[in-house]
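Naming follows writing order (A, B and C), and every chain is counted from residue 1.
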Amino acid sequence: MATSIDMGAVSGVECTFADAARVSIAAGAVQTQAFDVVVIGGGPAGMAASLAAHKAGARVAIVEREQHLGGILRQCIHPGFGLSHFKQELTGPEYAQRFIDQVRKTDIALFLDSMVIGIDSSEDKVAGAGASGAASDASAHTVTLMSPAGMLQLIGSAVVLAMGCRERTRSEIKIPGSRPAGVFTAGLAQRYINIDNLKPGSRAVILGSGDIGLIMARRCTLEGISVEGVYELMPYANGLRRNVKNCLDDFGIPLHLSTTVTRVIGHDRVEAVEVSQVDENLAPIPGTERIVPCDTLLLSVGLIPENELSVGAGVELDPRTRGAVVDQSLQTGVPGIFACGNVLHVHDLADNVTTESERAGAAAATYALGTGADVETGAGCQLTVCPAGIAGYALPGRITAVALTRLNFRVRRPVDAARVRILADDEELLTGKVRAFKPSVMESFPLPAKVIQRALDLGASEIILSVEPVEEA
Amino acid sequence: MSTNVIETLQFNCTTCPSECLLTVEVERGADDRVATVRAVTGNSCPRGDKFAHQELTCPMRVLTTTVAVSSGDEALLPVRTAEAIPLELHAQTMDLIRGLVVKAPIRMGDVVLPNLLGTGTDLIASMDIDPI
Amino acid sequence: MTETFDIAIVGAGITGCAIARQLARYDLSICVVEAANDIALGASKANGGLVHAGYDPAPGTVKAQVNARGCELYGTWAQELGFLFCRTGSMVLGFSDQDRAQLEQLQGNGLANGVPELAIIGAERIHELEPRASAQATCALWCPSTGYVDPFEVAIAAMENAVANGVTFVRSAPVETIEVAPGAGDRSGDGTARFTLVTPAGDVRCRYLINAAGNGAADISHMAGAEEFQMVWRQGNIVVLDKEPRALMPLYPVPTPVSKGVIVTGTVHGNTVITATAAVREAGDTQTYAGDVDALLSGARKLVPDLDTRRVVRAFAGGRPVIKGTNDFFIGQSAVVPGLFQAAGIQSPGVASAPAIAERMEQVLREAGVVLCQRGDWNPVRRAPDDFDRAPLARKEELIESDPTWGQIVCRCETVPEAEIVAAIRRRPGAVSVEGVKRRCRAGMGRCQSGFCQSRVVRILARELGCDPSEVPLEDDGSWLVEGPLKGVR
């Protein structure tokens, strides 16, 4: 019955497991199918990447854990999508449905209700197994998935990671107090209300003025759940201005800045929360505590790219974005594995996810089909990109080609006047216009090929993207 | 006439992602309602001007919510008003559709309720719902 | 309940469950009465899960006697009951000569308490054993017999085995009063009840009563008219961090007079646990405190400097059931009320000691004249339920083939399919709450803390229990999650 397993590090370690069946044995005859590009995730990122890869001539598969395509957009029933991509204001489901309809018109293979449990990129898994057989030099990736139909392995010459993100939890921001029912992440409450037809409470406090928190304030109000207030740790609202206006101001919901929840109160169900004002170091100020009676606490306190699969596949993460370190073609450190959308960095708008993912999909197809121009690689271009000033991150983190590259970043705090500076070896290569920056906006800054070439000419190994506040406005 | 008060308001235009901060000079009548919009600045396109006028006379919003579904593979259908409707009608619309049940299959764009509250705007489906 | 049980055990914590499992081998009718709606909802779920080796208690104490023995028994218990147990060994890290003197004293304790293979080791060996241990550590007490478990899994497994052997489990039955029939106790076995436990779930009558009520032990003793003692709520905050590629070996600081200090340990599923603060607080306080959590994180970094303390999956707190005026366990027959047996003050190292406490309780009963006849049909083995995430690929395929819902993942973080959740609900005793499901099969235990799966688990519970989603609790009775439908209703 019991089995002792040596845990590796310590001699004599005994680990007792329940039965021998748990001891790992080599995979049996799991069925396999081969594709040029395997896209993991069928949300806005995965669908856009798939369509772009398909358009480039690749044989594409999408693996989606839900029974429908669309991802989180299915529960984002509010408007505000598509303004840049479709030049028209759509709801989340409408935005998704347009892509679903496009995907359905292609021969992209859909694996729905399917959960990827591992990506194996080991060299011996062998090369040239892609559907088109073109990328014979490249090692293929084995994506193991499971569904009610059984286990399956997809062999992909390229893989696009498009798994999205998850919400930061109460534990991660360490809200003290008791642990009753009624504390929900905003997205979970959104699912209860918009998908499951269940009312998660009657009287809510919302912590965090990110877009999901603001949207949920309106949704709750419309559905008869009174919202006592939205509380925000920072001295400014974190969401888009339109959402503050349309979700709070329209309904007279107060927004309390520089205030946070310092205690959850209630034994079985939330009975109240204690809120406190915070100082400039974001520490609660003693004596400012206030008890707000409520039965529900919604948390909209940030999103975290969900990269457990990526890490398992050997992909290096950027501690700032908690997404993969990628190059200008959105390729990760593992050749043939690309990343896009919220699994790469948390975006502000779905439209931007679409644009980025189209690039990733096209690049993955190019890689898989071996149609890339040879001049791009091997030119000795190896630059890292680092954020500085008030830039919280810079993406891509690596530049390996001398070509126009869009740098994405977000600032860590709002400023009325600042400018982007591009530096290499202490030389300023480029500066942007002085303007306002907000943390809620994902910025995009074009880096011309000649600037990259200049950095190389200087012998630099690093390009710095610095956002620097300007004193006189 | 001279009892009217002149006031300067600031709010963001929400027509596009630029979210221009508008500065609007208005004249309020004796009933405290905005009688005239005197000047709009801060907009970077003509849509901002139009938005400010609309916002101060009768703010219009697209309403999005859900409707119960029978015999579908989802419990709820996301719906929207095809166009913006007066904000003041949103609560009434919610009451109207609380008990409503629509039967699957449903296609995006299907009309769920025509001419909502006499606005001339339809309530339409936001997504496909397949039958079970 | 009209039946008179031979034995009623109050409390389905790890102590009560272990005792029930131990006694189920005898020809006795046994009932476990639990105040909460599930097993292990008190101190048993709110601790670090360490199976301490037993060098800590002062020689001669009851703790000293049951701790090392309990730790020894864990290997057999894990095999028979099918729970995960990792005997990794541990180190108490010393940073100075003064610490070294303390380590030698601990080693002496350990020798006296019968702890095997203790050794004082130097820096090189420390980092061989746990490369992530602080480079500042110059000496350590190496203790190969230390291990860890999920403490609630131990309690659940023991109770499942007890129930499979005929023990009755009554949940949501807080004891309100205890009626004690006059007389000097029933040693003849003539079938008359001596104790009647009055609970909202009905009266439970028994000849012998075992008090394993954890933090409620003083109340039970008082209700029965037995020893008067007071409990001290020595509260501890605990933090769980996300999984590591390799679980950490338990690392202890040099202990203080009241606690073992902030310990860093791996768990059977590869998470890291930081346990625990110790502060006397108002009884029943299970709140976490900002100061405590900070103390845990900074304490942990002293032992493991590279620990990424941002990756907090969960912070929680519990109260150690400490008897005022003693730091020891109280295991024995009441001197005031014969027929009442106490297992009280089972604070740390309660988890490590549980199998030995059960053994000792059996001995106490025997000495008190309780007739213990071994049953012929007793089955010591509880087969572990299938754990999809840990199952090899071939077994995964087999499971999905047997039932497609094994292929329907509900909890992404821990890879828990629907069938595994259904199995957790259908076990005896099964889960009746979202947290009960979590403790049995880990759905909702992961980094997203049920953000993705909670609504699905609620639906599955409602379907399996035949109730409305609004009746599904998060944890104990009354912890409702949702009110009811929003749409399609007038």
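The working rule: a residue touches a chain if its C-beta (ideal position, glycine included) is under 8 Å from a C-beta of that chain, and two chains touch if they have at least 3 such contacts.
Just so it is clear, the structure is predicted and the values come from calculations on it, not from any experiment.
**Q** Taking contacts as defined above, which has more of them, A-B or B-C?
**A** By number of C-beta pairs in contact, A-B is the larger.
**Q** Of the chains shown, whose Cα mean is nearest the mean of all protein Cα atoms?
**A** If we average C-alpha coordinates per chain, A lands closest to the whole-structure average.
**Q** Counting in whole Å, what is the centre-to-centre distance of chain A and chain C, each centre being its mean C-alpha position?
**A** 37
**Q** Round to the nearest whole Å and give the separation of the Cα centres of chain A and chain B.
**A** 30
**Q** Where the CA atoms of chain B average out and where those of chain C average out, how many Å apart are those spots?
**A** The computed centroid separation for chain B versus chain C comes out at 55 Å.
**Q** Residues of chain C that contact two or more other chains, please.
**A** Expected reply: 485-488.
**Q** List, in ascending order, every residue of chain B touching at least 2 other chains.
**A** In chain B, 66, 68, 76 touch at least two other chains.
**Q** Touching two or more other chains, which residues of chain A qualify?
**A** Touching at least two other chains: 193, 195-197, 223.
**Q** Residues of chain B touching chain C in their complex?
**A** Touch residues, chain B against chain C: 66-68, 70, 76, 97-101.
**Q** Taking the complex as given, what residues does chain A use to touch chain B?
**A** 67, 70, 74, 77-79, 83-84, 89, 91-94, 96-97, 100, 193-197, 222-223, 240-242, 245-246, 250, 349
**Q** Where on chain C does chain B make contact in their complex?
**A** Interface residues on the chain C side: 485-490.
**Q** Would you pull the chain A residues touching chain C in the complex into a rising list?
**A** 1-2, 7-10, 12-19, 21-25, 27-28, 30, 65, 113, 115, 117, 144, 146-151, 166-167, 169-172, 174, 176-182, 184-185, 187-188, 191-193, 195-202, 223-224, 262-263, 267-269, 308
**Q** Show which residues of chain C lie in contact with chain A when the two form their complex.
**A** 75, 78-79, 82-89, 129-131, 144, 147, 240, 246-247, 249, 286-290, 293, 310-316, 381, 383-384, 387, 390-397, 400-401, 404-409, 412-413, 415, 447-452, 454-455, 458-459, 469-470, 473-488
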